[in-house]
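Chain lettering (A, B, C and D) follows the sequence in which the chains are written, and residue indices restart at 1 in each chain.
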């Protein structure tokens, strides 16, 4: 069988270990392997290449993806999907693994049904916001990158009476901001899911500052677009000089953690095993309660991911 | 209620976040908190101190434990356990959290039954070898420390035709060695659980070296006491100059990862909640299939931990 | 003799190793040691404490400063300087070490002359912008923190066709931005010292993008206040989607590097030696061409630091 | 002009940045560039390849060397040196940069004189033990790798009453051990240059342990071959359980620090500039008192490197 792998949407640490395992494991099973470069764009434009062990040597500890990625508007047009299908046909590819998020899976759902593509998706996004799975590849590395940044800010925070406002990724989902707040002991956490109770918070923080609190750490989800606003608010309402950090794409890079490597391997092995069994898979491999399962793409894309209530509640109990 | 916490046996990253959460969460619930220093030795010798928020400021990112730890032979004597009990009584401590391994839990089982101690254990050991739980606090940080060391060795490994033999911790259990081997793509992994098939391996490695393999990475569990022997064997049988690294206690230090901080918090909250509900707990809080449970100490200590078969098998499929 | 140490102005990694060596070395010479907390503010308000070995245990690898720091407007008033002097007198302090920048040294110059204070300054600022010394304590750690951030961005940069704009510290001085650009191979570097040649640069970058350049890395000194403007300019003129990172106070934290620890030790030993020899020092200890010297404060504060021409020129030769 | 670069002897972080700058800078000056793989072995066996920008993309943050290295006995034979010379001639290479240590420079001295080779050496070794230069490429990264390991050991050290014995590299030279001891505050440092005063030390340490010292950190140069012996000695004489770490090749890997990148660039630029000026260079570029100079190979190889007296003395003043 000839199997191909590609990355689609935002890149994440963990993609490279998955790509490496894809080649190593498929070859162990005597299958051919192909790389599709630049995501759906490359699939349309036939940037497809046979892949060997050599291509994946020494990539395990590199963040991002050696296959590059893209967001593709052209793939919404039938004509381009048809070209994509013909490219797969020409190479004789009869199984496809896609590392991506729900946008990519939605596109693959249409494509897979139209052209009868044997497909398994691996949920991959540092935002950890794909419905149907507790874990998305890349989140653990991103969180540890954020942790290291926050630990450095803590070092310096108590030197002055100041507030530090740190923006982390998360377009529609506060997962990264909430977990970062918990593990760093942040005082303020602002996410898209929860309305920000300014008055109550201001009251509490003013009291704490009067009782000797030297500094405030506030973590803001990028998606709230409120980082600078919160900075000004703290300055005006709490009376602490404020400094802003916007971590940005640092969160996508970084040497994949042990957890992301292990998850990458398991996701990839599960995906390949299923492609080989099935002639016509249309699935996403997910991880819940310590186990891997394959579920229909529809189940994944039909609903928006919800941050577990336990985590959302934690926002109200930050120290 | 007055709650106390102590560390017993080998220290691990994650202990400090647990200690911090112990104080913060207990105070949120209006309970008193005590620290017992130096493990069971300190319990016998009354090195017990009331603990406040101040004591746990800025400890979250520090490896090891601010409470120190010990292995205690004296605790095997009834007389000393009686002194320990009296010390708890004097302070009015009516609930006890112990971060430790199965040796410590065995001791606590006796102690708890003898003197009716309200006790919950948190499985804590970088070896990840406690029966009844999939995860022990500290393992994720230790694995990531090992990963960073192995990534550095990979950088340099291909410069010369050489073999690198790296000893990692694990007295009776190969968990750290196996996972490290998988995530680093090691060629050789030697653990206490599996007999080392020298001849077959030598044949395979000689072939690979002839086919262009430049270097070999071998990971050895400390418990096999075979690190230098394997080094000599590779030199003699495979014909590659060999270099040895013994990571040692580096693996116990290190800034606790996000996973170890989150696990520390959840374990501690679960332990405290149970102590408050129960007058007479004698439990260990464990983590399996994504969920926390409280199980009897006896269940934990009655059997030796077994590395999952899936991981053990992986040794035979290293690239 | 009784010696005191304080931190003034922006904090930096390297302060804690200096504080530790201050206590250790002074005690070796049988001198008394005092800590002044919160910089000049604490000097005015008598936040002075005798210091012992215990106070400096385990601080060597912590960023920031355990003594905290401040910028003090009150110190401009004679009355407050008089209070400060009396506080020193009361404690019997007859030698003062100050870790700070040129603002702090200017203040100390006045203070020292007014009240005949035996004073040595240690140039300390991550900006590395103090006149008269090639090196300021903290710069090496800050640069390595920036390096790690940029390496992570590089990992992810080539995944998409994009530009990354990273703001680093440096109020009036481009030192951090220039060195960061050189060691990361950035394509664009914008600093206060050099006017930004937009047209020529746009032409060059457009050509490179046409010839296959996938991404652009631009590093901007905070002091130019142009980060967002440059981001928009790249988007509009070069046609690459742009992502912004603002590193902020991450740069002040971080475990002090070997170089910053060694420099902290040497600066501190030199400062103490001079205080003990002199009854009436009014000096700054500087580092030039591999050697330490003591120069008059006036020499330091009389001129603005200039980035070496070689570094400034490098901006024009970025790849 | 056609310039070639190779690595010889032990590899070090900083080699890759030098290789990158070699290609980039030579091309800026419109010179051709060649890579010689596997050091002198590759020079003999004609593993020489034309090098372009593409070959050096994304290597700046990788430890070790993409060109690989070797120690070559065959190069001692005239016949092989003649083959090497012919290989250079065939490619038209008329300038050679070698990253290596004094062994390599000795070989190049003979080779250069025999065949009139235009040669500049860049002192490169983590041991920092080349005569004639204060700094050798790679030492700063190695020291920071050691620092991170020692900081982790400190985290865990105070948990138990124990001694930690850490072996660092350094065959004939204690530079790494001494600097590591200073910046980590080690209690014991054993190096080839200084006889180890066991009795006096044992007395001091026993007293300190009696006065409350909880743990001992001992740093040993690999070259003394005394690591296990010292471990046993501490156990027997001081009465502390002892744990051993042997860092090994971890010290050669690791992302090159800012200092090693900057030094790599400056060394390489200086080397190329000199090759272009001279038809018949036979020099090593060295760094002393903040400046780069070119000195005769003979000067470098005629004497053994001596650790500065100031550093050697520091061993007697460890806390």
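By definition in this document, contacts are C-beta pairs under 8 Å (C-beta built on N, C-alpha and C of every residue); 3 or more make two chains touch, one makes a residue touch a chain.
Remember, predicted model here, so these are calculated numbers, not experimental data.
> Farthest chain from chain B, going by the mean of C-alpha atoms per chain?
C
> Can you work out the whole-Å distance between the CA centroids of chain A and chain C?
That pair's centroid distance is 35 Å.
> Roughly how far is chain A from chain D, going centre to centre by Cα mean, in whole Å?
Each chain reduced to its C-alpha mean, chain A and chain D end up 40 Å apart.
> Taking each chain's centre as its mean C-alpha position, how far apart are chain A and chain B in Å?
Here the centre of chain B sits 29 Å away from the centre of chain A.
> Which positions in chain B are in touch with at least two other chains?
Where chain B meets two or more other chains at a single residue, that happens at 151, 154, 158.
> Give every touching pair of chains, nothing left out.
Touch list across chains, by label: A-B, A-C, B-D, C-D.
> Quick check on the complex: what are the chain A residues that touch chain C?
7, 11, 13, 62-65, 68-70, 145, 149, 151-160, 164, 166, 214, 243-250, 252-254
> Hey, which residues of chain C end up touching chain D in the complex?
Residues 17, 20, 24, 28, 58, 60-61, 134, 140, 143-144, 147-148, 151, 154, 158, 179, 182-185, 255, 257-259, 261-262, 265, 288-291, 317, 319.
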